[in-house]
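In the two assemblies presented below, chain A is common to both, partnered first by chain B and then by chain C.
Our next item is the complex of A and B:
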């Protein structure tokens, strides 16, 4: 395998993962999806690190990725505790709910577009087609024997 | 602007437009067109990279990279956060496959066990608290979708353009080692960036070190030898994070307990 091409391909994949993670981090409003995007950026960096480690024939890239995973685990623990606390107070996972925490000289973000109403929930549940024949209950056999 | 640069600019524009069309917004959400544009942009970016050697290697790598990137895009663009999390699990599987393809066996397993097994499942638990079907208003809107998509696409475009310069075939002659502070580096700053790349390792050298048969033993030796202090620090960090998370949860409980008892008395 051509090591230079391998390195190049992995760098491009890592850069794309990082870019997609940036889009998610900037655009989404659900706190959990924002954290998923951050983890995706870390994945992109890990891919890049591992391929550089192989190219330099050095364990440093893999060791550093082990530490990236460790820090991601810490981050997930703290972030989930925070998100749970925020969710208990507000009842929503929306980051915009907390915009009153901004600096005093910052303009508030005013939503100009309102979401379209969510689709109606199912009014009637699907039925199963009746199968088989209802057994005829014979009165004599099912009489109480008490 | 040369043809290659034009291609990068086109790919960046198409990628931004595709992501913008796919992000959740009110009305005019054309997911299919967005997906088509994003795939074209991905193809343009991928066309810059020369194919890997053997057919089997190339196919495996292409499939892994495609799975990773497509599921990453789905993670970011799906409205339902539960679907996002599940797609992210697929991204993790793709990444662990990429690690395995590089010969990083331990990392591949660690990614599946720690990320997909522990972190992602915990995220899913929290997601079950809220509306998991993506009906909440904040799942159906994005912040500044156009600007965000452009930021990510420009980032990818700039990075890949730099990479293509570093790895360009005309500059890939015999690598000349250039010391950062030497006279040659000072005389021609940034002229031939490939000069900074070391020679690619031979297969024998890789077998002896990174691709050694005793992979985990070697990695463990490296971790607990050269990086022992860092391992201890990471362990301490994990412990502190655990304590912090517990303390955060306990704090709210204590406050509520006191409030309810004040209310009673």
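Our next item is the complex of A and C:
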């Protein structure tokens, strides 16, 4: 496999990772998933950098990747702490919950879902027939065993 | 230690210290003892003023004897003056460009050099003695009068501040410094008129006094600018840099005083300032309203001292007025009009203090008549009248205060009467003051007013045919005013102390003689009203002393001394006494017995009565012709400011708002939206890069 094909393959993988990340970043509402998507974009870029470094035969791409990983680690720590804090305040992970930073006269975005249909009342309730004798618990005996 | 240089600093400094002490400690520490700093400081100042007076007199006598010994010596100074410059207040270099229009004989000093310069000469020494002694008596009186007032410490702070300002005013040797303290006494007047600041009339009267004085002070300021342009200095005395306006250099060569249009303009502008401060005709309206202040203040500021600042200033500037005879005649005219007008208004006033206020205006008019005549005896007589007037008018006001104190603050003479048994001391002292004001023979007012009228009659006899009629009219009007004075003074006296006893309800259990702190100053002033006129006019002591003031000692004024002396002194004295007695007799006839004639006269002369009672409707005229147009003018400008200028600014302020509102819908707070925008932005950037 020659160098150009190698570069090409790596570029495709990196671009796919980046594209998936972008789609996830735009489409998902769960804060943790959004964060993961961002990480995925970073990895895509890292793959691309590494492959270019190999192709050009210098260490710049690798060095930059190590740097990106370091920064991503820090960022992960901070971002997860923030997400955790937000979750503690609201109990949800939905980013649409946090929209109070809009202009004062903007209408809030309210999700109009179809109301769930009320569950059908059960026609007949399952029941167990009581059987046997109620055991008589001797308190003293019981206590002595506990 | 008590040389002149020290004294002239100590006299104003002590009341200043008292002011600071009372202001700092009065509210928390001194409280009911707040009068002590003022009493001690003003008392000491008074004592030092008299020491200064005696020292100046000794110096003047020495000057007299040396004059007779070596009359030929040419380098003899004009008059007696001592200058002390404490420090330089401000120096501004090259205020005027070199080619500015300036008489060539003014020295080329173009620096505006303002020093804190104090001076002592006979005029200042005499004013200091008058101011501090009246102040001392009034301060002592106030201990009784202001007792239990919640603003006790405030009152004594203001009064000591006033004494400081007034002593500085009369000892300033610089027009700028004079102007500063001119304003300072105006400020004290304003503060003390509105002393009972919760009473709307008092606040309004303070405002009125301040605003009316603004007009005069504006003229005064313009006069100072003109003086500065003309003479190139504002100092009274000579300095190495420039010859002072009233300094030896100019006085020894009076032809260097600028006459003509500029001289007349200077005189008129200075007179406008004096009109404001001394309540002369067009600007006199503030003084009667100023009676809203505490009565000791009326006695001190609005009768004896501050209102005479204008008289003092015009006397000080005599050389400027001598150089501009038209301005001097204006002074005379204004004085005569004021004296007559105020006398006529005072005839029908029912408020005891207002009668006295109008009589003050009238007497100030007399002083200006003296100054306007412009001969040495007349000017000296004007100052002499200032001096005696300070004594007896302070006495009358303090007596009125004593009546008010007993009557629970009522001043309407229709509501009390026959008080001579209840207030014996006030009655007798008021009688002395009234006799002095009416100019009855041995009392103080007689000597000074007679001197003015005599000087006036001498001027009539020597005036040329063109101006003789003018002086004759002034002479007869001032004689007539003398009769009016006697009449209205005794009308007030009889209404207050004679007739059936009548006490208003407000008096309560108060209707008794005032405490000794109040009656003692009355007695002292009554004795002074009896003796000072006779004592000081004997052998023309006052005149000879005052004639050594540099402004009065130079050749032009001294030349008028001889010519005026042959006036018919005794004749005039006889006529004016006759007029005064007629006035008193008329008042006694109308107000001592059953007063049906008063009612009859009032009905018969209803129009005249209404004009006099309505103060010639001057307040109304000012309201219609000055205040309303000014209000309309101001309302117009208010509209322009509010609607036009503010409206424009408001509209400019809305532009960013309008621009911003178009972008505002983008800020919807939704994170996915922002993310989308970011990605699109990235794509656009990429597109640009790739292309």
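Everything below uses one rule, namely that the second predicted complex is superposed on the first by the 104 of 146 C-alpha atoms of A that agree within 3 Å, B and C clash if a C-alpha of one lies under 4 Å from a C-alpha of the other, contacts with A are read in each partner's own complex, and residues count from 1 in each chain.
We adopt the following convention: contacts are C-beta pairs under 8 Å (C-beta built on N, C-alpha and C of every residue); 3 or more make two chains touch, one makes a residue touch a chain.
Everything numeric here is computed off the predicted structure, so don't read it as measured data.
Contacts of A:101 after superposition on the shared chain: chain C is touched, whereas chain B is not.
Chain A has more of its residues touched by B than by the other of chain B and chain C.
Shared-chain residue A:88: touches chain B; no touch with chain C. Using the contact criterion defined above for the overlaid structures, shared-chain residue A:22 touches chain B and also reaches chain C. Annotation: chain A residues 22, 26, 29, 95-96 touch chain B in one complex and chain C in the other.
Interface residues of chain A, counted against chain C in their complex, comprise 22, 25-26, 29, 95-96, 98-103, 105-106, 108-109.
Taken together, the chain C residues at the contact with chain A in this complex read 664-665, 667-672, 675-676, 679.
Looking at the complex, you find that chain B touches chain A at residues 15, 19, 23, 25-27, 42, 45-46, 48-54, 57, 61, 65, 68-69, 72-73, 75-76, 81, 84-85, 88, 91-92, 95, 98-99, 102-104, 106-107, 110-111, 114-115, 118-119, 122-123, 126-127, 129-130, 135-145, 147-149, 151-153, 155-156, 159-160, 163, 167, 172, 197-198, 200-201, 205-206, 209-211, 218-219, 222-223, 227, 230, 234, 237-238, 240-242, 244-246, 248-249, 252. Chain contact summary for the complex, chain A toward chain B: residues 1-13, 15-24, 26-30, 32-33, 35-37, 39-40, 43, 46-47, 50-51, 53-59, 62-63, 65-67, 69-78, 80-85, 87-88, 92-96, 111, 113-116, 118-119.
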